[in-house]
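What follows is a set of structures for review.
Each of the next two complexes has chain A plus one more chain, namely chain B in the first and chain C in the second.
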Partner chain A sequence: MRTYRKNPWKGRKTGLTNEFMAKLQLYFSYPFVWYALIVGLLIALCSSLLGVTLVLKRFSYIGDGLSHVAFGAMAIAGVLGLTNNMYVVLPITVISAVLLLRTGQNAKINGDAAIAMISVGALAVGYMLMNLFPSSANISGDVCTTLFGSTSILTLKPEDVILCIIMSVIVIAVFLLFYHKIFAVTFDENFIKAAGVKAEGYNLLIAIITALIIVLAMNLVGSLLISALIIFPALSAMRVFRSFRSVIICSAVISVICAGVGIFTSIMAGTPVGSTIVVTDIAVFFIFCIVSLFTRRKA
Partner chain B sequence: MKKTAKAAALTAAALLLCSSCAQQPAAKAPDSPSALINNIMSEAAAQASEAAPKASATTAAAPETTAAAAETPASQDGTAVDIDLTQMNSTMIYSVIYDMMINPDSYYGKSLLVDGYFDTMVYDGSDTRYFFVVVPDATACCVQGLEFILTGASYPGDYPEVQDDIRVRGVMDCYEEAGQMYTYIRADSLTKI
Partner chain C sequence: MGNLLHCQDIVLGWEGSAVVSGLNFDITEGDYLCILGENGSGKSTLIKALLGLNKPMSGIMERPADMKAGDIGYLPQQNAIQRDFPASVQEIVLSGCLPKCGLRPFYKKEEKEMVRSTMERLGITDLAKRCYRELSGGQQQRVLIARALCAAQKVLLLDEPVTGLDPKAQLDLYDLIAELNRNGVTIIMVSHDFGAAIRYASHILHIGAHHQLFFGRTADYLKSETGRIFSESAHIQEESVERTENGID
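Right, the complex of A and B next:
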């Protein structure tokens, strides 16, 4: 007797796969999807490189503060009617970063208080300016887009991509060239000062790179979520690895993978890009926390 | 402190020069009534207008072959269209429409199927009524509208109520008004869904 066997899911699975692949092919036929992927991965790489240094220097929250400054600067650019807000946003953010990172230790107002003050102040001033001098009828939409990134990463133009590539190359090159000095400044600033190295110069360099990354990353995840892009990959890597180099390499790999998965998921599932990337970062952080439990036991 | 301020000022100046290299074309807010929707995407609309060809009104430019429009998928109602936005998720729909505003040349002459809600308005100083299919983004905090013109239809009899969900099928086209080019959908059909 012939046995009748049939898998009812077989055809359906193939159908779903074909549908998924067709959708994938369709979406990736648009140039702006590729732009988003390229820019997203580059920003993730740069932010993770710097993230380790900032976390170790106890400046985890500076990303948040500077992004709020950038938000305020964008509002000023809107009031001035500038078509390219980078003219205002970049200089103001860089100056704020320099002031925060360099005067943090010696100023009358301590580092964390200065960050909090500038952060909240810039946010309030920015929102007030946007309301007093609206550049469009939809203020809440403008604010939402700036704070959460919305879909702005999928609306990049080729010029934006080129600018991002140039800035990313500069950031990576600076990091590789001054790796040892950044390492020294990160762990023992007093020691390298005693050794005759100008620590202030390297702090200034870190401040400028931080500001550059913040301005770039605003397109990807928005003002409120930038800190996550800087902090989570570094913290995840620190759960498992111990040396500076291995933490940086692991952090870069985690950040790039999370950004890639986040962008891909948001494109395919229709979720907001920035928050999807951050949620992926959070998931990886918890995975690394669990992994660290086992690795520490073995050690 | 003086050194810090000096260094910051120099850095800012250098970065300012750097950013000017990647300067974007100037965009001005659309002052014409048929600018897209509620001036929400005013910048995009202005850029679209500037990027549009100086063609005569209602004349579709020769369609350029882009990777995006290379395929002609069958839409949900079975008829083939070049760009079927009804089969995309909200993030992609929003992004594609934004791309249409930024790079309108790539889309002229392409057939299009889009879902959204209906809106109409008469702008100050104009007696012409404009019709839009409005599409929100994934977070629903931003919307974009595509103007459409349904040939032979009269308002209000042939149109749905404002905020009604609609499906518009047509061909991307452009027209000139007050010296500016505007992108619109030359609609074949308007369906309430």
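Right, the complex of A and C next:
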């Protein structure tokens, strides 16, 4: 005689969990899933560190502008038939970042107008080049991938992962070493200049690591969604926390958690990686908005 | 008392065109110099020159040999970025020590100690953990003065420090500045506020449209023609303000 099962739901539940775990285990046996996770978390960390500074310096849109420049540069690299397009994309993006952050002080073309100009211009030129010199039969597919980074994070090669780790370590090290300088330059450039510190040098540094992060992040979320990765964790943290250090730490934690959750969800539910991460970031932003309503009232 | 700055016949300009010319003045240790002038008279160009960020187009500008860029503590006008900046008072005052760091990434114990004593001196110790953007205008100015004192202990350059403060906070700030001056800090204050200038300053430099109208002791300024014209107009202004307040006009 078979044993009588008291709770018919119990077995089904463990069955579901087992199925879930098995699926997870299966996915984690593939190296590309690990690569995606490592790269995704590192990029999220780097972009959130710098995001606070960029948002406060009124450069929220620089991520968008620079990523379009990187898109244009990728198209150029494709036309030139380079196997590793980093050699073209990285220098062009860094130069544009330096020029854009410089126009912030120079009043001939306003900062936001300059960003709009360069970003739309680069987008148009890039798309034009991709059409004139198609590298594959599926142009719209290529464009969509570059803009939304839909699958490229799941097709990373070990060298890409190593490159990403090296660049992230550089960005994080620079940020930690120059943390106090970055704070001072962001808070009050005039004072710092008057005190005999070369503020331009630090602005240049911020521009260069911004460009590095954007080129890195293109693989993860694509060039249209990079701004989200930079600004959402910073804005969420600024809702609740009141000192620069706590905002930076909180924004880094939010960004890494959202990237992790986003990547898992996209693997399990089959949604696009980039937009899933961004949607998670947006959800956290609204949660923090609500939390800030309560903390403000108390203060 | 050593001479801090000697300016003889200097011409200041921006992008190749002269903004203000014929400036002759001296700053001595312990002075309280107030620089008066209309908007567009070249005050901000002069501030840059005093800070060493901008060289005069011609004329002689002498400083003591041991004085370098950054030896003047600067209180800039507030900008839009600072109004919603998440930063604690401690973090901001500490950033005044940054020039001492050079390339060193972290602050030393002595620098943190200096921040603590400066905050105590300005009576903002209890604000250390507070968020800068939630303070009142007067408290914010105290924080920025503390930061400037961490950068340079001897000379302070204040750019319209009372702008946007309510009358009580203005008075408190002027008293604080006078107190610092009595304790040996040389004060250079750029201002619109004629009344405060003649009440507190030991010397006055008055710049008109593109040239110097007066430089000298405050007592002499009041006797000079420029001083008389301005004291009369300031008097009329004050009266009209009083009349508006009393609802006469």
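Operating definition for what follows: the second predicted complex is superposed on the first by the 290 of 299 C-alpha atoms of A that agree within 3 Å, B and C clash if a C-alpha of one lies under 4 Å from a C-alpha of the other, contacts with A are read in each partner's own complex, and residues count from 1 in each chain.
Heads up, the rule we're going with is that a contact is a pair of C-beta atoms (placed from the backbone, for glycine too) under 8 Å apart; a residue touches a chain by one contact, two chains touch by 3 or more.
Owing to the predicted nature of the structure, the values given are computational and were not obtained by experimental measurement.
Asker: According to the stated criteria, A:L26 is in contact with first (chain B), second (chain C), both, or neither; which is it?
Answerer: Touch partner of A:L26: chain B, not chain C.
Asker: In the superposed arrangement, does A:I290 touch chain B (first), chain C (second), both or neither?
Answerer: In the superposition, A:I290 contacts neither chain B nor chain C.
Asker: See if chain A has more residues touched by chain B or by chain C, and give me that chain.
Answerer: B
Asker: Under the stated touch criterion, which partner chain does A:L132 make contact with: chain B (first), chain C (second), both, or neither?
Answerer: neither
Asker: Answer with first, second, both or neither: which of chain B and chain C does A:L176 touch in the superposed model?
Answerer: In the superposed model, A:L176 contacts chain C only, not chain B.
Asker: For A:A269 in the superposed arrangement: first (chain B), second (chain C), both or neither?
Answerer: first
Asker: With the two structures laid over each other on chain A, which partner does A:M86 touch: chain B (first), chain C (second), both, or neither?
Answerer: It touches chain B, and chain C stays clear.
Asker: I'd like to check the shared interface: which positions of chain A are touched by both chain B and chain C across the two complexes?
Answerer: none
Asker: Under the stated contact criterion, what part of chain A meets chain B in this complex?
Answerer: 22-23, 25-27, 29-33, 83-84, 86-87, 90-92, 94-95, 98-99, 102-103, 135-138, 140-141, 144-145, 148, 150-151, 154-155, 157, 159-160, 162-163, 166, 200, 204, 208, 212, 266-273
Asker: Can you list the chain C residues touching chain A in their complex?
Answerer: Spelled out, the residues of chain C in touch with chain A are 51-53, 68-70, 72-76, 79, 81-82, 85-88, 90-92, 94-96, 98-99, 101, 105-107, 129-131, 134, 144, 147-148, 151-152, 157.
Asker: In the complex of these two chains, what residues of chain A are touching chain C?
Answerer: Chain A reaches chain C through residues 56-58, 176-181, 183-184, 186-188, 190-197, 238, 241-247, 299.
Asker: Going by the contact rule at the top, pick out the chain B residues touching chain A in the complex.
Answerer: 1, 3-4, 7-9, 11-13, 15-16, 18-27, 29, 38-43, 66-68, 70-71, 73, 87-92, 94-96, 98-99, 102, 137-139, 141-143
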